[in-house]
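Down below is the structure, laid out as structure tokens.
A, B, C and D label the chains in the order they appear, each numbered from 1.
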């Protein structure tokens, strides 16, 4: 009915002969071909680019020593058959399985060494997780099937970060290397992997299209999937409306996994498509610059935390497709205290805290700036929700649209870091270190993840201890304690843990979600005919 | 008087004038009709409601009344359009007068700079300038003004050259009239009518470009009731919540239409070549 | 298609015509009458704005959109042109039965088309085909026909000229082109609208001579509109004097020049040394067509005006062989 | 003529240089630098500093510009900091799509706009004239993305006549890239199926994009024809017995189009601007969406390249317009 009204309002009624349901014009692409319309990574070199879309590319084109599977994600040996750690937690030894690159050459320990050194040499992408602890020369091939890493100091998240590093075929890269560039320009549009799918390099158009072909000789074999998909065509669709329309029309088999909740109903109404919802590990945060008055005042920060309409935002805007998250660690990950009470939306409490802050001399009357990411509608909405309530508290909040690259560079110094800004912390690797560790340990000041400039000696100590300990139970206790302190200090405003929503064609079977890669692992999938 | 009668006979131009006057009137009375609460404070549990007797145009994605926001949005739209055109005129007209009246290397330089600015797509230049001086409506205004002046400069340049080449300017200089006086008294009035026409059409054009900038996230900032921004923010909810996009879209359409029709009408009125009836 | 001899005589009879302007209705012509005898060159003389050009436009049926014919008739031979459809006017009259020579040769040719295209156009518009044998002596082609026309108007290098653009010609040459264009379809009647005004004096003379010769050679009947009695004296056989939309006097050129009857004609001739046709010597000014004086439109300025002059326009009175005057002095009673 | 083109091209160089200086200074004076984005999402300050040095962002601006200029002269527009590919390669992929789109939009706009404008002028102040003015100006004023979405809903979702998005059906093998204009390449390869597919994909984006151009062309043609109709040669042509239809559609139109071509040239810039929105809605893989993406990711090499390329195209279009001008008007041709 609403749709019909729209068309009437748009002078198009005459042609809108039947709007009851969209005709399914084509049989969802071609048989045996999957059309996947999620965002493409910025470039194709997984040692250089490390963004969320890259994870799905890495999972399909490349293999890593270890890999995450399932939800909550479990770390599983992949190219490696297993590993050992020395008692001091510094020497890690991995044994390799028999695997072949796409050109048929075997994956050897030397190739793994090359891949890690290349990754470290780019100084970009995933290297940040390794550079502080792993000098390139400390990666060694013990024999053809054994690789050894010697860390500068004990670092438990090392294993969790293993899935970030793609193992590459050095023969291909060296053939395309120029002036010691590690083949970077070449790899930006090509692949040198061993993963279950091969890149059809000729099809690649940045930010537009990329086709993959199944690699039949993948080392894991295909016995788990009797009807694997031979060809996957990935297409980048920019506008949400177009994306959903394309799905409803049968042009594509899947949308991205961040479907706006308001589009969910459209997908639900249609035949032949379904909506997949999965709680992932991605926390929405409104950052506060703890070094800038009045945010240096804990009462002021608490007042802010009480002034956000969590329920209105999660139920009203997100239609409950999100889970309230009390602290920095996703509530479905270990290390997040189960009994931690989230801040509640209560303007009276906020007023009291504000009064205290004022009594302590905090300059609560100054205009506060909140930076949003202009292409991400939710950041704007969250800022406006906060703005509405702050107006009732006579706090003047100004919204400033910004862009990710600018925001990242602005967080290098406390003076340039915005008063507040909105972002998510996604799953780069599955360990509390990815969230609380890199967000609130003051040694990371100057990176965007630590942009609240929070400094608490106790928390620093807890986090460092957790990082180097190899005792899981102990680490959990340490992270939980740190969480409680950070939340009590109201370092930031944590809003929710994301539920990913993907519209998908009913013919797609075998879809398995994992927070890493958002379920875009094609080796599990098949197409019903 | 005659001009007025002639104008009144031009139906589209009158329609344009009526629209422009209505929008201007709306901009004046909007704050009296729509309270700041209605414009800025939404009820999240009443978001994206279809048009009803309570919310004439429905509510937007944060549960705010679209009717109130569209009405108040007229203020911003007119303000931006006016500022941009004034800025562009302030740069373009003196530059065009200078380049058109004198024949020094400076005039050549001015026209080359104009060419450079004209060679960049306006929107891309505006995007870049907005990047440079920060986001927000003010910078969008400056950006558009800085990209729009070459059009005025060109117009004024051509007209000044034409006027200059007619005998009377030389004659006036011959009898010792000062340059500034010639410019003010003799050249400027001749230049005024094309500039007024250009400015009127420019108003509409600016509103449209601002909407595109808002659509790209570079113009107005939330929670301003900006039309382009409203469309950008609401387009995710199409087609189910059609009203959130349609009404601000209609507001842009009507206003731009109004200015363009008015501008066309004025052009027919002042353009001496079209003045003769046939 | 063969070329029938077109009717030889054109007569405008008591034509009244007004144009609706923004300021009101302007009475441009008031009972204007011109009689073109076969084979004669008939001058129509008067000040600018007296309606001479409109008279030609009325004959050709190319009046401005907002003009109204209020009365009278235009006859080509026996045929009334006012009743003809616009299509018939284009097909049978304009360019075909009546050729037209415009006033300003600099503006009349389309600058972006070659001369041959434009000269060919009236031929094509009247259904001539390249093999119609327009001029057997030129090989029968359209182009040959055009070349012979250009030779006839004494344009040098006719073959080359056809391939050129209008701006590559001088004013006099362009006027020759236009004369050629007017003669393209071999009309029996030619209307010339001040064809020499825009030219310099020596060129004027050449063109006048050319027109005279052509008219004689081809036995054309021609209406020649001008403000210059001198030109009339040189070129024309007969003359009609117009003032403010009214035809005040007509007759053989010699007779009119020697003994003008109408007070206006007399004054006009008295002013002649000024040549410009400006009535510097006549008190008062040319009346506005929006609110013309009643009766004889000249009466407010007429030194011999009488009471009844303003009451109603005088009728035309025969005052000699082929001579007519519209003035109460000669018994032209107000009707 | 040849000398004229050469002179015009030389004349373009300083303009382009000015354009480059303008964009470069504007981009590099930005308070942020792209190093942080380059270094990746988990980068430490030290890593960011290393990137800054590696890319020369710590050099003085003029030095950076000199380096850049040297590259440009060697037809090297640098490497995109986002895709890691040569910018030239990315633009080579995307530019033809925009050219194809804007050309078809212009073609459509001209094919519709010129007759509409002519008729409006001939029937000046008639109901048709007024209606056309309102409709065409409405076309100018309508938000392109709004119109685009309506088109998608009606012709693609409801009627299923036209494809929803993209330049070619997913999975349709593309013809061998010769010009990279799909319509041309598919014909060269003799693949009519691809031609039809590409043409169908073009309809809605080109129609949307043509709206603004259609309005402008109709308006300028109308003004031009009105202007020409006042000319003496029109009155003469009528008095000389030309056919009315020939006068208007041959003689008047040709003169009016001379003026309108200038406008069509200027329109190109406006078209590129509106292409930004149109391309993103229809997923048209062109330079407009590329530019926006470049700006949103602070990919300054890409932004510079787009500005430069668009500037060059703009210059070429204007030279072409001058040539067309000369072909249409002999007086212009002689002054060259």
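Quick note on the criterion: contacts are C-beta pairs under 8 Å (C-beta built on N, C-alpha and C of every residue); 3 or more make two chains touch, one makes a residue touch a chain.
Note that the structure is a prediction, hence the values are computed from the model and not measured.
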Indicate, using Cα centroids, the chain positioned nearest the centre of all protein chains shown. D
Please flag the chain sitting at the greatest distance from chain A, going by CA centroids. C
A count of C-beta pairs in contact puts on top the pair A-D
Distance between chain C and chain D based on Cα centroids, please, to the nearest Å. 53
Between the Cα centroids of chain B and chain D the separation in whole angstrom comes to 23
If you average the Cα atoms of chain A and of chain D to get two centres, how far apart are those centres in Å? 37
Expected list for chain A, residues touching two or more other chains, is 6-7, 10, 239, 241, 374-375
Touching two or more other chains in chain C are residues none
Contacts with 2+ other chains: residues of chain D: 149, 153, 298
Pairs of chains found to touch, sorted by chain label: A-B, A-D, B-C, B-D, C-D
For the complex, which residues does chain D have touching chain C? 231-233, 235-244, 246, 251, 254-255, 258, 328-331
Which chain B residues qualify as touching chain A in the complex? 40-42, 44-45, 47-48, 50, 61-63, 134-136, 217-218, 221-223, 233, 235-243, 246
Please name which positions on chain B make contact with chain C in the complex. 2, 5-6, 277-278
Residues on chain A engaged by chain B in the complex (per definition of touch): 2-3, 5-7, 9-10, 239-241, 260, 262-263, 265-266, 309, 312-313, 315-317, 372, 374-375, 377, 380-381, 383-385, 387-388, 391, 398-402
Quick one: which bits of chain B touch chain D in the complex? Just the residue numbers, please. 9-12, 15, 112-113, 115-116, 118-124, 127-129, 131-132, 204, 208-209, 211-212, 215-216, 228, 231, 235, 238-239, 245-246, 249, 252-253, 255-257, 260-261, 264, 267, 273-274, 276, 278
